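Per-chain residue numbering starts at 1, and chain names A, B, C and D are given in the order in which the chains are listed.
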Amino acid sequence: MSTEQSAAVKEPSMLQQKEMIAEHFRELSRTGETKKKVVYTFVPGNLTELLLAFDVLPVHPEINALQSAMRQKAGAYIGEAERIGHSEDVCTYVKCDIGMKRLGNVGPTGEVLPKPDLLLLSYTGCFTFMKWFELLRQEYDCPVVMLHTPYQGDGEITPTMTQYMVEQIRQQVIPALEKLTGKSFDEERLRELMRLSARAEDDMVAVLESAKHKPSPIDAYFGGVYYIGPMFTAFRGTQGAVDYYAQLRRECNQRIAAGEGPITPEGTSPKERFRLIVEGPPNWTHFREFWKMFHDEGAVVVASTYTKVGGTYDLGFRHDPTNPLESLAQYCMGCYTNRNLPQRLDMIVKYADEYSADGLLINSVKSCNSFSAGQLMLLREFERRTGKPGGFIETDLVDARYFSAANVKNRIESYLQMIVQKRTAGAASVDLAAAASLVRSLPVINQGGAA
Amino acid sequence: MDSVDQYVARADALYHDVSYRSVAEWKTRTGKKAAGHLPVYAPREIIDAAGMLPVAMHGAGDQVEIIRGDAYFQSYICQLPRSTIELAMSGRLDDIDAFLFPSTCDVIRNLSGMWKMLFPKKFVRYLDLPQNFDRKVAGRFWAGELRHLYADLCALNGTTPSDDALRLSLARFSANRRAVASLMALRASEPWRAPAAEAYLIIRAGDVMPVEEHTAFIEGYLAAAQGADRPMRDYTRVVVTGAFCEQPPLELIRTLERAGCYLVWDDFTVGARFLEGDVSLAGDPIEALAQAFLNQSVKNACVYEPDGKKGEWLVNTVRDTRADGVVFAAPSFCDPALLEQPMLVTALERAGIPHTSFKYAENLGQFQVIREQAGTFSDGLRLWSNA
Amino acid sequence: MILTIGIDVGSSAVKAAVVASPRNSGRTRESSKIVATHTERVRRRDQRHVIELAFDEALKAAGITREKLGYIATTGEGELVEFRTGHFYGMTAHARGALFLDPAARAVVDVGALHARAIVMDEHARVLSYRMTSQCASGSGQFLENVARYLGVTLDEVGPLSLTSAKPEKVSGICAVLAETDVINMVSRGIALADILKGIHESMAGRFAKLLKLMDLAPGTVLVTGGLAADEGLTACIQDALGKTKLSGQTVKTNPLSVHAGAIGAALWGAFRSERLASRPTVASPALAAV
Amino acid sequence: MKAWIGIDLGSTTTKAIFLDEQGKELGRGITNSRSSYDLASRIAQDEGRLAARFTLLDRELRADDELATHSDKVRGQLLHRFRRDQEVVQLEALRELVAEECRSPRVAAIAKPLEERATGIVDSLITAEKKPALPLAGKAAKTSDFFRDRAASGFGRLAEEQSDASVKFADLLGVFDKAILRVENTPFELSFDTRIRSAIREVARTLPDSVRDRCIAAVERAAAIPLDEVRVIGTGYGRARLPFPKENIRSEILCHGLGAHAQFPGTRTVLDIGGQDTKAIQVDDAGIVTGFQMNDRCAAGCGRYLGYIADEMSLGIHELGPLAQQSERNVRITSTCTVFAGAELRDRLANGQRREDILAGLHRAVILRAMALLARSGGVLDEFTFTGGVANNPAAVDALMQLVEENYGKRTLNISAGSIFTGALGAALFALRADAAQA
């Protein structure tokens, strides 16, 4: 989810996104004059349509953090947070954000971000969010409204859960926004915004699913983070997003027609040699270098879970204007990290089949327990259920200290070579068998154990 | 009356019983089932009222070698879930029939999903404690969840749900909390009478003892400890916080005291005293328990603090226990505890209360560094006091 | 006058210092005098035996007998010293010793064989805050020692060599073991020894500067203590590294007696405590209680 | 003669394996990686080439029925001479450099006594080496594969005895450390051709007249066979630094998997513990890797850990395991930070624990780390093959056997004497296959 598009080739959709984001930040920088209210909130389970219905401007601290990392500023921010007492062990998004605030709160466009008038604590799928806004509350001394999204512990959304959500939205979030803006809630407006959301959502799903083609016209992980950007942040429910996704979809179709692969910062992908699923968020400090490791090997990511953190639209969810608050509640509860581990596994296994993937690569980030705790089990179960190989790498989101390029490259290479070895297994094993029996001339010094 | 040593020996044996043999014995004796729960807070009253033995699972300390557990967790995840899995994979949790995973943090949350996949035959429930503290909205949600849990546990155990059973349990646990509070009060007033590690073991015994038995056990220990002849030392008085989930090794608790710190308050096993005071016996017992959580729970990093007065509670604890300073002891990689710390530090500094911090793991074996830090902290308070 | 001894039991060396203090000088110790010091490297010998040796040698150097001592103070792994009067924890002792060696000192960087710690103190040697490197040994004396061995450089040469380097080679990696491989790689790329060593010094110094930066550091002297204080290359790099942080007004120094700072500090605190104990004999200090 | 070569450029050691057309081993070589990768891979290849010559020689001798009965003896003696010469050449170089170091201004104050003692020590090592004790097949005490380790343990022991207040242990060690580094960085050419001819004449004297000339002729023939090195494939930690084209580089995971499979076709699980990484690999019945796990950026609990311990105790790395096997009681070691290993050892010795017991605990700690990786990679299946340098360590093997049995039940544990070469063997097989596939 980034705003910076560093690809060598610039397609119209890229420019369009860039402009949308630039405009958003311009607006943020003008709140002094426009007196528009600013609400900080999180990406997973965000209530963008509701915020827009009140004409407030959302700011997403995670996005600021990842952009700081892409601009190589995260190191200093994290250092500052650690200086004021934050532990090395905790989520670096939080530290990056706190550090950024302490060092002047300069946003990605170089302008100072406005302070929040309200913190909308959409506590969805991640415990750290709660601590994060408790910290920000201390920093800004501003009101917080809690929206507790119950977790799908049993893999389902129960009526009690939905009722809890709807009541929180109706009785707490909406009154807080009314109080903040002095406007009363306009349900019709919300419905209209949600109608637009659903349209853009259709196109976005089509884009993500275009990866089912061979070769895939998109990279659903590295490229994917750009594609989900507008949908997951401040633009869902806007005409801009509708246009953007329509354009993006056209471009995908063109590439499919031309038999072209994804566009990467290194240019158009070479021949697609591997089709992978990736689980876990990317590393942002070495984003381009990381992507290049895939690009160089002809590895294309055809499906990823990270592109579902802000909603699992590909599983069929659409914002539903006929039932706006229930629909918002369902949306929040359906986000990827709000699903339990068996559900996450089912999703990945389904992807393996639907996207004819060669295997699953997990990028386990140190920061994020929400994602990472249990990933080793996902890996094992994935292998067991699909018979496809899994690979595992460890990095971090925005802390460059935890990105060891040599190590990551080694593991990716080993993983891909393993896939190749598996593919070519049949032919080669014959001559190997002949060689092997001879090589056993190496003496065995120890052979114990079972009879 | 038993001697202090006898109480401690019994508690120590239970602490070291990582195979939960005492639970198996209880089950044989009663023919009922046992429900385990992870830290921090779980509504143990509900388990008890369903006729099951509530078992608080606090990892395996330094008592088992972690082999299979490491297979499930990366190096940057705390120790507790590994040792819990290790216990399960080595059959030591076979006697536990139901597992409850409270919403303490994402690690425990995800562990619930892993449990579903690993042990499909066991009863597994994730408990989403309300983080919204609105009495009405959250009260309805939480009472609903509790009711659902109660019905399911009763069905599992073959008992009939009843308000009377619930009320009886509420009363038993209130009594237990009063006993625990007396022990804590003794630690705060005359810490040399009940050394920290000892008091810890006595409270931990409640992890596996039926609640009424544990209440009597604490009372017995208190009577014995009050009579024991133990010298008072020139130690610093500290509050320890951060250790509410993964538990510090016993040796660490001893190290702190040996380095010159009396632990006059701590949040070890704080789950056992998460609610403060008695739960009302009037009206619907489930409602009462739900409201008690919303209105009577302690402040802890694993729950959201709606009133925005972060740290005030800790400052008051320091004042109430006449402590000289605060030791932050948190498990490595524990997000709730570690993210909370800077906010608490801010409050302490505002109140002029000295503090120090370090991290540990439940299976830590070397204490030099911690001893140095705690020692320097107490040296500072000791050498610079005017006594 | 009272005579006290401080014994600093480290993992690689035992240091002892005999100090003479005028009576009733409270916490201020400017007029105390160091009578003798001694270092005994452990080197594969029984630590208890080494402690005895260091103790005896220090007394011999001071020209006194055991009975003359008013307090036997330990620090470090003091539990091994069965004949101690009392124990002071490492940072308490290092702060006291450092302030004595350099009255302008307001911070200490103590780099020993296995750990490094940064201490900030006030003008009375009261420890205000401190940071330590974690359980991981990267950036410790032992690490430097290992690398030096592979490079075929003796410890005495490390500092002077490092000072000659103009373009230090950056050492990456967090792990000391992997850093060692890094170093090997550098040798294989033909990088000069001096540049490698300075690279390591810089990486260590960066770490220490970070520890210092994590605390509110007042202007004054930052005294380097512990075994690595003898390494002038490292000290120079710490000065540079501090300069690069936003801290200002600090001068990094060492003292010929830096390695004994812990022992000296313990001896000084011992003198203070012995007077306290004499006036209030019933109070047991934790260290005394443990004897 | 065509040869295919695999080189495993490890973090600690560099290994080379030469295979012939049938995939049969021709020779192998090993050296320290410490000094320089290029040099290390050159030395390993030189060693391998030399060994290949001896294999060819052996084949020549065995081709003749009568000569065949003498082949072991001839080969053994020739090899022994070669090794001895090599050792002496290196020790002499060491002596020279030690003397030079003693003259450095750094040690001017004690230059004379220092030089006397230091060179004296090396002289005794040379004398010991030259003792014409013939190798007793199989019985020879196991010593390290590396000159550095052999020289260091010999020098260290004598230095300990001969140091005093005037010339300190640290002084002696200082000059040694400097000199050995330079020795290590000097390749010693011991050409097979030139030496073998003179050596065989001496050795032949001990043979019956009837075969003497034929033996000499066989040696000449073996020396003359051209060795055509068709392809070299590199693997291991340092592979990216080898001057190889990308297609001749393989991941060490695949190489260890294939190598282990080649040695023990029943292998399903492979554990490789090297100097600074540990890998748990699962392979299928064709040697294809199906899953793997490696340790992360921390080198705790790898071979280097044992290396530090050995240094700490002035022992050769190969002496560590046997000592640990004499343990009677289990000591639990908690810190696995490699760098802390030495300190932990000292600490525990100071607490009065037995050296053997501590060592056993340290070995167990190393294996415990590996167990976690094994569990993570999918457990220990039957058969189970242990590779990498640490597989040479009997105490590590004991601990592994015990822990595997406790946690997974009985498993066949395969360890070949050449376990450290497994990665190189895999690479060589890949080399062979690459050409077989093209043919």
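Going forward, a contact is a pair of C-beta atoms (placed from the backbone, for glycine too) under 8 Å apart; a residue touches a chain by one contact, two chains touch by 3 or more.
These figures come from a predicted structure and were not determined experimentally.
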- [ ] Sort out for me whether C-D or B-D is joined by the greater number of C-beta contact pairs.
- [x] C-D
Task: Centroid distance [mean C-alpha coordinates] between subunit D and subunit B, Å - done: 52
TODO: Would you mind pulling out the distance in Å between where the CA atoms of subunit C average out and where those of subunit D do?
DONE: 40
Task: Averaged-CA centre spacing for the pair subunit D and subunit A, given as whole angstrom - done: 47
TODO: Please report how many Å separate the Cα centroid of subunit A from that of subunit B, as a whole number.
DONE: 35
Task: Sites on subunit D at which at least two other chains make contact - done: 296-298, 335, 376
TODO: Going through subunit C residue by residue, note those that touch at least 2 other chains and give them in order.
DONE: 77, 135, 173-174
TODO: Could you list the positions in subunit A whose residues touch two or more of the other chains?
DONE: 376, 394, 404
Open item on the list: Using the definition of touching given at the top, classify the network of chains in this structure as line, ring, star, complete or other.
Closed with: complete
TODO: Please name which positions on subunit D make contact with subunit B in the complex.
DONE: 296, 298, 332-335, 344, 368, 371-376, 403, 407
- [ ] Note which residues of subunit B are touching subunit C in the complex, please.
- [x] 231, 233-235, 258-260, 366, 368-369, 371-373, 375-376, 378-380, 382-384, 387
Task: subunit B residues within the subunit D interface of the complex - done: 65-68, 70-72, 74-75, 363-366
- [ ] Under the touch definition given earlier, write down the residues of subunit B that touch subunit A in their complex.
- [x] 71-74, 76-77, 81, 101, 103, 105-107, 109-114, 116-118, 125-128, 130-132, 134, 136-138, 140-141, 144-145, 148, 301, 304-306, 308, 310, 330, 332-336, 338-343, 345-346, 359
- [ ] Mind listing the subunit D positions that touch subunit C in their complex?
- [x] 11, 33-39, 106, 169-170, 174, 177-182, 237-238, 241, 276, 297-299, 302, 304, 308, 311-314, 335, 337-340, 342-343, 346-347, 349-350
